[in-house]
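In the two complexes below, chain A is the common chain; its partner is chain B in one and chain C in the other.
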Partner chain A sequence: MRMHRRTLLALAVFTGLTAPSMALAADDTIKIGLLATFEGPFTVLGEDGERGAMTAVAEMNGTVAGKKIEIVKGSSDASPDSAVRAARKLVEQDGVKVLVGPLSGDEGIAVKDYAKTQPNVTFINGTSAAQDTTLRNPAENFFRFSTDGAQWMAGLGTYAFKDKGYKKVATVAEDYSFPYTQVFGFMAEFCKAGGHVPSKSWVPIGNKDFSSVIAAIPEGVDAIYVALGGADAVNFLTQYQQSGGTAPLIGGSITVDQTVLTSKGKLKEVLKGTPSAGPTADTNDAPAWKAFVEAYKKQPGAFPSPSLFAHGYYVDMKATLLGLDKVGGDVSDGGKKLREALSSLSFDTPTGKVSLDKNRNAIADIFLTEVTEGSDGNLLNKLVKVVPQVNQTLGIPEDEFMKLGAVNRDNPSCP
Partner chain B sequence: MSLAIATNNAATQRNWLEKLGPGHIILGTALVLYPLVASDFFLTQIGGYSLIFGMLGLSLMLLAGYGGMVSLAQITVAGISAYAIAILGNNNSNVLGFGWPWWLAVPFAVVAAALASALIGWISVRTEGIYTIMITLAIATATYYFAQQNYAIFNGHSGYAGIRAPVFWGVNWRDARPFYYLCLGLSVLSYAGVLYGSRSTFGMTLQAIRDNPRRMRALGYHVTAHKVFAWLLAGVIAGLAGVLLVWFNGRVSPGTIGVDAAIDVLIIAVIGGLRHPIGPFLGALVVVLMQTFAIDIVGAERFNTLIGLVFLVIVFVSPDGILGLWGRIKPHLAQESLRPGP
Partner chain C sequence: MSLLDRPSQTLSSGGMTLRQAWGVAGLLAAAVLTWLVFAVWPEWLNAILISKKAFVSAILNGITLAGLYFLVASGFTLIFGLMRNVNLAHGSLYLLGAYIGYEVTNRTGYWLLGVAAGFAVLAIVGVVMQVFVFRRLEGDDLRQTLVSIGISIVAADLMLAVWAGGTYQITTPEWLDGALTLPVITAVRSNGVSVFLTYPLYRVVVLAAAIVIGVGLWLMLHKTRVGMMIRAGVDDRAMLQASGVNVHAVFAIVFAVGAGLAGFAGVVGGSALSVAPGEDVRYLLASLVVVIVGGMGSITGAAIGALLIGLAEQIGLVYFPTYGIVLTFVIMVVTLAIRPQGIMGKAR
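And then the complex of A and B:
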């Protein structure tokens, strides 16, 4: 009897552990993994990314090549470990053959490394924008239809130096690969134009107290370049304002994103007039963009205007679906045909034409913007200029660009 | 003479089996046979990962259950050995990476972790109760931020990637089955070690110190030394778990040893129960299953709420965790078995 009871317990544990693995996908559906940050400091951004991806799915009425699209979600907390764990679960347990994500820089590099161990699965980026995800040591099966953080800065350095007249700029940015890439993109132009960057502050993600950072900003800088995201941006800007700081700002792509612009309080006054650049502009008049905004707004909880995360996930999901459509939804060959289709894919997005280079990184239009107050009182990124078809080497010949070295905290430098 | 020895051997063998008990035998057989039915994902991502976090929980259970010292720094200790493996062995982050072979790097990493654990213990044994929790939390947080901002040793936010488990005896130890058995082997070793240690003189002394340190001191025992030695032993287990963790992830970054992870280990130990070394493994299984599959049950927006609620219910129903639940159900089942069959 005693044995019997324990055997039962063991059996119960056993079946409980193995049963979920027996679930099989039906033949008339196609599973796509969606990896984003649904927890941690970037939750708001991840949720908007999901809205963007779902907008693309809704555009296709939830089907591709006659098959129903089934989205399986995976969540990370913006750390590379959690991104790889979530990707593993989607690929190895849920059996997705196509995965869209992740959201942030270091996650992208980690998922790219993981992609190399899964040659039969096709990985399409979400919005992760570190340069080395595709530039150095890329994975054959990792595609990025959204551009990288350095590309997003195209035009901003020159604009800050020439039109705004800033000669000395201090930078404050988060301490990981995506902000390194953004600062690199900004400084590449700004330093070349003749500007100087006397101090660079790197702060950890999720930092709460910025007083020491604010104290370290040198006297007499013309402006501060801020590349912080979500709650970090709000915290820094609030504390900078409270400490009596008055230097004008230059925004990284996610600093003056809708996720920050919609925050309440006195921040509005500080943010007005901040120049920035990125893959989207809120006052873009192109009909394709307007149609996209309308479609996006149908998603639950949508912002007044899609953030660049919604845009990035939309573009990457759209590309995925177009690719799947081309191959008739057939990934039974380990996704080989799909990857060929994606490599040669060129299509019109709400923000202009997108195609891939030989490293499978996007070439696309970049928008130079400035923060203004819209007619309804919401802050918007007003379109200043479109920089057409920016490639990953920012128009510099590739061998010359590679000589600039890998982006990190100390590269580039022009004190 | 030889006959006498043989019977003697048989007697000890029987004795061993009896000592082991049917529960252990069944559980052991089930765990050994588990790879026959489980997919690769369930072998490593659930099985292996639960065993690794079970070991971390076990090192905390050793300190908290027998020594009365609740530590939040066990993941830090594991992190030290994980970083040591990345630094001493090979990585592809172009920082450090001395390329030592595994048989040199692993002992070194475990010893480093054990010494670090002893040091943490030596600092925190001067405190008791909630102050021990606070001081270990402070150490864990400080280490996390240090790793995050130090580039010379810890390589900052991105940490180390491209760390491979060794290949020897013709086996790649990161393949699903070998890795599972490796985790299982080390877990069983740690489990048996803790079980044996708890009944040894040292274990008894430690428990006595937990219950009444002043009396033990008056009896002439060196209370601090015993406590620090317990930290050293816990450090060995956490260090081994750290080695497995870095082989499992193939990478280590400050996120691995963050405060979230530190709290996960505490949750695992509390959910599982602190009275018996099997508790943390049960807790780890529940926590890993929840963290992996909650998102499938309630969707991406509220899955952490569900995880929290389940933990709340477990602790609410049974303050002793899952072990406590078992302890409550057991008498009912025993009574059932006393009743005559139909």
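And then the complex of A and C:
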């Protein structure tokens, strides 16, 4: 009986403590859900995404339209079901009306589908970059101010073919929607320029041992296009070095990202000179970018330069806050005004102007880069060229672009 | 009674016993494999199996991966066999060993010191776990298992707090770097020059270490007094205790060796592949599958199981990457269906 009474007391104290704060929450705070991968193979990426989002919050001094911003975190492990579970928890238990996230491709598609069942909640992407999150069958309340994986590749295929002189390239990528999108973006240009891709290897996400995959790459390719992320990229690159691989590499956006470049080991020699493209470039000289880097570095545990996850989450969180500011932090109408404000939002990010198309997908600048060693020994992505205002159809007229078909393992193909 | 135990007379009417039939089949398979490895492949075979280089590499990688799995699973199977304790924190021991190996190697610059530290520290951790946790719950198998899950969850979060979510690579010394040229011709160029297969030296060393340790374990179990006690304990723990052996000391030794091997495998595996959160679950799952296939409590079984799973994983990765993972579980399901106690397991 004593235990029982004590439990009751604890419950009473607990509710006593939480009840007032819940009452307060309705008036002068606004809850924003932040969904990222804080577990699993993309943990480092998720943590940097959070730094980016928090940089945007810090820029507004933690308030929007006079209300205090309360960030509620949700964690996934990069699998679509974990992302939906985390999103459900944030929306249905924590009661957020605005949610920023998720981080990776398949998660984005799953959360977009979930968004359709929650028309009164506004979803803003994190960094998930699968094409079909917004291109085919989009959700009215899902916004992506960061661009998709095919857009990120703008300029790379042509650069590899013309400037680097690679005619035959093999690809190695993870087996899910984001790398499909990246390979699509690369091949769209590379094949058009006259290049050939004789072999494509798709490996399961979280694979550790790549040596058999490396052995299966045909001899006589001019370069290997690698679209792997986080620990997968580190493992591939190390084993490629160990196996004495000599073909030069071409990097997917997250393969030569700061999350990989800063990892400890013998990657440097393999990675130097690797061309890539993506939404950021470490040596960007624009004052807005430099200011962003300084603001980002104030976050605990920051990398020498923000990764594209920090950048993507920053841009999306910033857009969210700008939208909320416009409507005075009012989402009591089921977020209708907020979504209207977001749809017409156009603003300057550290990487140039961003606006949305009719599918609520971003049109933004893309950076062609090459890995170099900085003066302090850190690897950096040196800016080679800026491709201005890339849209989701990569400049191809929309009906023609839709005819190329949905991205998957076998599409596109130019052996 | 399972299929394989069926008396051999049923097939002997054809003039050949079941044992002889198996022997001939084994010889044939060995001959085909030898030919596949050493002959220069005709075009049609290259067309089916991608390339000889890919095939032979997949086989070699499967075998070295099996070496790694064996190192982890042998400790797991010993602990289970003797104590009936499914130590679900075994994967955490692997990961902790890897992190410790990384720290020591990084600070001292000696890789071998890192390997030794991985083994020693984890052996101590193993003894501590046995004495302070599992001994208190003796005879209560379910509770021991549940507690070990708890330990693994707490350990995973503690390690995340200390080493964060980054990917670490344990640096191998210079003399282990580079590639070996094997006397296996993968292709003949148009100018008549033969291309030989190259293979990372480090992986050969991993395999050699696994074989040495496997043989060492077998010798310890079959040729020493402690080994005799352990085997007796696997068969009948109560009788062993009744005959005056200090069972607790034997348990502590087994836990030390088992956990130490997991730590050792952590450092060795962390140098071949990499160290990151999540590895603990991966290796726990791998050793579970290996031990289920090979038979609980048997070192030979762990070796056979590891070989099957390692080969299945690598061949699956090259030839049908999307569904490769299924292959591992198909092997497990088939084993459970026709021989539930595992290939080398004893029916209880």
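Here is the rule we use: the second predicted complex is superposed on the first by the 390 of 415 C-alpha atoms of A that agree within 3 Å, B and C clash if a C-alpha of one lies under 4 Å from a C-alpha of the other, contacts with A are read in each partner's own complex, and residues count from 1 in each chain.
Rule of thumb we're sticking to: a residue touches a chain if its C-beta (ideal position, glycine included) is under 8 Å from a C-beta of that chain, and two chains touch if they have at least 3 such contacts.
It should be emphasised that the depicted structure is a prediction, and the values quoted were computed from it without experimental measurement.
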Next item on the list: Could you look at A:263 and tell me whether it touches chain B, chain C, both or neither (first, second, both, neither)?
Entry: second
Next item on the list: Pick one for A:47: touches chain B only (first), chain C only (second), both, or neither.
Entry: both
Next item on the list: Scan A:205 for contacts with chain B and chain C and give back first, second, both or neither.
Entry: first
Notebook entry, point to check: Can A:215 be said to touch chain B (first), chain C (second), both, or neither?
Noted result: second
Check: After superposition on the shared chain, which partner residues are touched by A:361: those of chain B (first), chain C (second), both, or neither?
Finding: neither
Notebook entry, point to check: In the superposed arrangement, which partner chain does A:75 touch: chain B (first), chain C (second), both, or neither?
Noted result: first
Note to self: Looking at A:39 after the superposition, I want to know if it touches chain B, chain C, both of them or none. Which is it: first, second, both, neither?
What the structure shows: both
Note to self: According to the stated criteria, A:299 is in contact with first (chain B), second (chain C), both, or neither; which is it?
What the structure shows: neither
Next item on the list: Look at A:369 in the shared chain and tell me whether it touches chain B only, chain C only, both, or neither; answer first, second, both or neither.
Entry: neither
Item checked: chain A residues contacted in one complex by chain B, in the other by chain C -> 39, 47, 175, 204, 409
Item checked: Touching residues (chain side chain C, partner chain A) in the complex -> 50-51, 53-54, 56-58, 61-62, 65, 160, 164-169, 171, 177-179, 187, 195, 198-200, 202-203, 273-274, 276-279, 282, 313-315, 317-318, 321-322, 324-325
Notebook entry, point to check: Which part of chain A faces chain B closely enough to touch in the complex?
Noted result: 1-3, 5-7, 10, 13-14, 17-18, 20-21, 36, 38-39, 47, 50, 72-75, 77, 79-82, 84-85, 88-89, 92-93, 106, 109-110, 113, 175-177, 204-205, 409
Next item on the list: Write out the stretch or stretches of chain A touching chain C in their complex.
Entry: 39-41, 43-44, 46-47, 175, 201-204, 206-209, 211-216, 218-219, 230-231, 234-235, 238-239, 242-244, 263-267, 301, 409
Notebook entry, point to check: Which residues of chain B touch chain A in their complex?
Noted result: 22-23, 26-27, 30, 34, 37-42, 45-47, 145, 148-149, 151, 156-159, 161-162, 249-253, 255-256, 258, 260, 292-293, 295-296, 299-301, 303-304, 333, 337
